């Protein structure tokens, strides 16, 4: 009954959309008097051309996987969680508290402990908006926006007044103990005698993120809880008819969502900076929205979109570092990619569908 | 005997051009060929019926005529003049009005605002509203179409909403009125009233197209009838020259039993005992005012009533999900055990554990998740069932397998469990719900409006299954606004009015007339001065309470 | 807290609420027509930039305003194409527009002025000056009313008065005109409009365009009224606050006025009392800056019930799938 | 070939990154040399940028901002032959020069000037993001002010707690107006792009303002009392000029070394009376001699003056 084969919809449509975005980007680059070809090669080379580039691309992608999953889980329950930024920031606080105040002799212990701290703090930060939405009907979009600002204030206060080592200019916590440092992907590769991605921040969290994709996929599509989440997202009367408690599911979903956003801190706070910085999230919470929506709220889609954004981030970073192209160009390219693959996808899909129908028609009696 | 070849069966009596002539209309939705080379001729001043199974393409054809969809090919002639209908504006100007199967009203607008929408005079609302108010008064008097012009739509009963749709068309001075399944949501009395209006309109020379699944209505009111099957027009006949049985066969392509065949009930132990059930909704409206009744094993109890008299609340309460914030009192026992009505254990999941199955009144909003695949809907509400789970995870293979079986046994078409529920026709959607609930073999089945908008083939099937369940010794609570359905299925009939049960009757010993009186709130059928001989006709319906917000 | 302080806070609140009010009304038109818009921020930012750039180049605030509207409008059209014509996801389109504005403004600014995205400071007629309303000075000494009129009501730029006039105007348009009726209908049930023979696409595009114009005013006010030039990211989240206010106001013009005033007032109070001494404890300034957000949540949870968006909001109008 | 890395605010932040850029430009003009420059995109790039520059042979590598401290500590040992200079932070390594400024001293002078021109006895301070570094400015300013008007009043506002606080001229202007209504007639802005709004609002409202980092007197001639200049440009210029001979250790760019100062030029000459000039010169001398100790907020996270 489908209008075109699934592979076309899943692969061809986004690919053509991406090409369109690239074409427009090229025009923008030309307009500011730079060479699109140089820009493209710099980006691809910088992000994918070496293990070094990959190390960064994967690092950024890891951040986006977590925030993207966070948004998508909530989305399945019909909740639009714009609070990933604040939840991830609070997750960082959780990680810092665990690593600074618990004696953890080895990263194998530190990682699960920090994960608990990260998820717990992120989840708690989502709890109040969730509860208010479920019980009082306060729109979760407003409350999560507000909680982003509040999280920034809390973190600022804690870092400046409580966690900052005396005499330090930097509103950042002390370094985490050496024993809690996570293995970098480069170290892991070295164990196999492979020189890969030296001095890049990609670390073992990437695998945690992959596992998170799998777990979220199982959760949403294979568990009863996921079923209930999806039912609630589609129809509240339906949920009631099926004996599903909307308040409970709303709160649980947001806890999971906030927890996932919080888990991002394992990557950037524990894995990269190895101390808590003031603005550690750097907008990854908002990128998560784009990643989730572009990935059609499916973990595989989220993974792919996160990799795409990781590529854009790293490639764009290289562009800003090594060419005279201003770094804001990357934001424009990101915008175009989001626009074409996420919002203007039908511009490509509809003609494609016609094409496939036309191809198929003559074959039928 | 009817001719079954295209438009030859129906010829305008005079030489005057037909009001509507469609030639070779085709329309595909992607790969679905909804209409294929359709020809149709509707003489002026007639009522023309269109019947066909769910998904046969009736609504599509009419929507094309009304400019809502664009046909892929074909010609339209209005009063003999070829016309290209590009949008609804063209259709309206050509004198066509349409009442859609799913009303196109703005819920939070007033009646008046809905009427003038798109037909305003000038840029300011005030004069338009004033004018419309006047015209409305006139139309109301002329056709007995009373509605409060200042009421918002969401406060109106469906019957009244439909009046608004008709008024909308009349306000635009439609000469051709298309009604898509108008009686699906009406009580018999309301339907009767509607038909009187339609006859009045015809007598004025207006042309009417009526889509319905009810052959009784076709026989009663139409002059000609066309039958569609799978996107094609298979017959057009004069109503006087055909029979319901023949039409049914034309529609479905096989013989259909139009009456439920069932033996006498053999009631056993009481399964459901309801005592003094009261419910006040969050707005403080008393919806149930002390309901008491029993249903025994092997018995179907039908609840008749005009919609909005508490049936919905009764079903939801028994089903475990009364509107939150309602105040509830009374007791309900199932299999002799009292079940909680509020607080812990008072949810729909618990009810299912207690052996209560529930086919809800609104399959699209409650009974199915429209975006889920059909197989996923088969587990809907039963997703905790061990049979559908393996450890922590749901066992998709098991659910799919079960779904395949249900599709087979209930003849759900198309036989594709991967399609989203949205993509099935109303009748097939209903079959999925009924299959899910009946095959659980519940001790008590709550079933609301089981055949609303469902074609006769499917009705026959669903009715048969309900009777089978009863014969297996189960209790069935049937709520329906279709008196025919209530009369033919129930072993006992209770009539609800304004949150009370007005009386109980046995189907063999009552008439639609008597039930109609009870439904109108007349306590006893003895001749009291103010109720004597009032038929459940249009006038009386006027005074029925409206479905509140 | 004396009277003069109250006046100052109110005066400040009026200035701070104006961009929020304009953006909120902008969102109101769009969302009432069923097109959700989380790109208010981006449109404002783009407008602020184009307004400042053109005002600088021409030395005219009014030409700047026009350019601001054009800048914002162009993003509106993208949003319209994505969410109306191509029936795309409205949220994604909004996100994209925010990114686009954030990048393009700096990119263009850097290309044109070479100041890292800033525009040169605006002077004289390139900025909107403050208007003293008639009799403001004469009435100043009338007790109570006088100072309020002279200090709070008088002495703002013309855009402030336009913004406030937009409130009754919006109410009137929405509830008293044919256009408003259709606009509201198309956000509630587009099929009702379509079957009445009115183009859903056209209506929605007009609504989105009005949204663009109002965001243009908001952005121009930021750059040429409140400050004197463009600074990158100068909207600083106001588009999101406006969105919050819109939901807060339940998509109604007068309540939008109230909601944005509340936000303006809370910010003005936090500005005025960076460290609020409550006797027992002093709230540190860090929390005072967050106070408007905390209070919003409390008010929302405590006093504002469920906000129900226009029924067809966020969904593209699809007839044939 | 020397290199310069800017902090996240970007090259044109109208603040100290921009000052660093100006220093490098001056070096180009005077020597005709070339240099590499980098702008950060994200926190994770700091290390990447440093390493890449070191590996391409850039020497010395100058970076602006305390945020580099941590990373530099980590990587400096990996490139023993490369010289690094970090501004605003102390990093102890044999190949690193740490350049720190005594912002409190410059701010102290600004405080004196504010006190001497203030008629109301109330002045204001508006900071950008609420972080310790900015408190250092605030504290020196308050101390200088109190040294002249012991019972005067310093109003203090911060714009916010996120990086957006650096780019919100609207809020800056509003804060300035709020402070004016409380009697402030001189306002010191240490708030990056937000400060532009402060200076603008002060000019509009007819009160005086004090700029920061680079000389902003020209923005509103006759209306900006002075600018507390922090000569990051000089630091960069010196480092570039010294080249690979960069001395390791801490280089304090204080008042005496010309690292900080209050700018007097034709734009504000009319405002700076001989008495004021005398008071500044006097204070400079006393600070240099140690007679006046300006408190450094960073030393103990407290500010005795406010």
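Every chain is named by a letter (A, B, C and D) in the order it is written, and numbering of its residues begins at 1.
Here is the rule we use: contacts are C-beta pairs under 8 Å (C-beta built on N, C-alpha and C of every residue); 3 or more make two chains touch, one makes a residue touch a chain.
Chain identities (UniProt): A, C = ABC transporter permease; B = ABC transporter ATP-binding protein.
No experiment lies behind these values; they were computed from the predicted model shown.
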item: Of C-D and A-C, whichever chain pair has more C-beta contact pairs; value: A-C
item: Averaged-CA centre spacing for the pair chain D and chain A (ABC transporter permease), given as whole angstrom; value: 36
item: Separation of chain A (ABC transporter permease) from chain C (ABC transporter permease), taking each centre as the mean of its C-alpha atoms, in whole Å; value: 29
item: Interchain centroid distance [CA atoms averaged], chain B/chain C (ABC transporter permease), Å; value: 46
item: Touching two or more other chains - residues of chain B; value: 30
item: Shared interface positions of chain C (ABC transporter permease), touching two or more other chains; value: 110, 117, 237, 286, 289-290
item: Residues of chain D touching at least two other chains; value: 10, 130, 160-161
item: Chains that touch, pairwise; value: A-B, A-C, A-D, B-C, C-D
item: Chain D - residues contacting chain A (ABC transporter permease), complex; value: 10, 38-39, 41-45, 47-49, 51-52, 66-67, 69-70, 88-89, 129-133, 160-163, 298-301
item: Interface residues, chain C (ABC transporter permease) side, partner chain B - complex; value: 175-182, 184-185, 188-189, 191-199, 311, 319-321
item: Complex contacts: residues of chain C (ABC transporter permease) adjacent to chain A (ABC transporter permease); value: 78, 81-83, 86-93, 95-100, 102-104, 106-107, 110-111, 117, 237, 240-241, 243-244, 247-248, 284, 286-287, 289-290, 293-294, 296-297, 300-302, 304-307
item: Complex interface listing, chain D residues touching chain C (ABC transporter permease); value: 10-14, 18, 130, 155-161, 164, 167-175, 177-178, 181-182, 193, 196-197, 200, 219
item: Complex interface listing, chain B residues touching chain A (ABC transporter permease); value: 30-32, 319-321, 347-352, 358, 360, 362, 365-372, 376, 379-381, 383-384, 389, 392-394, 396, 414, 416, 419, 423
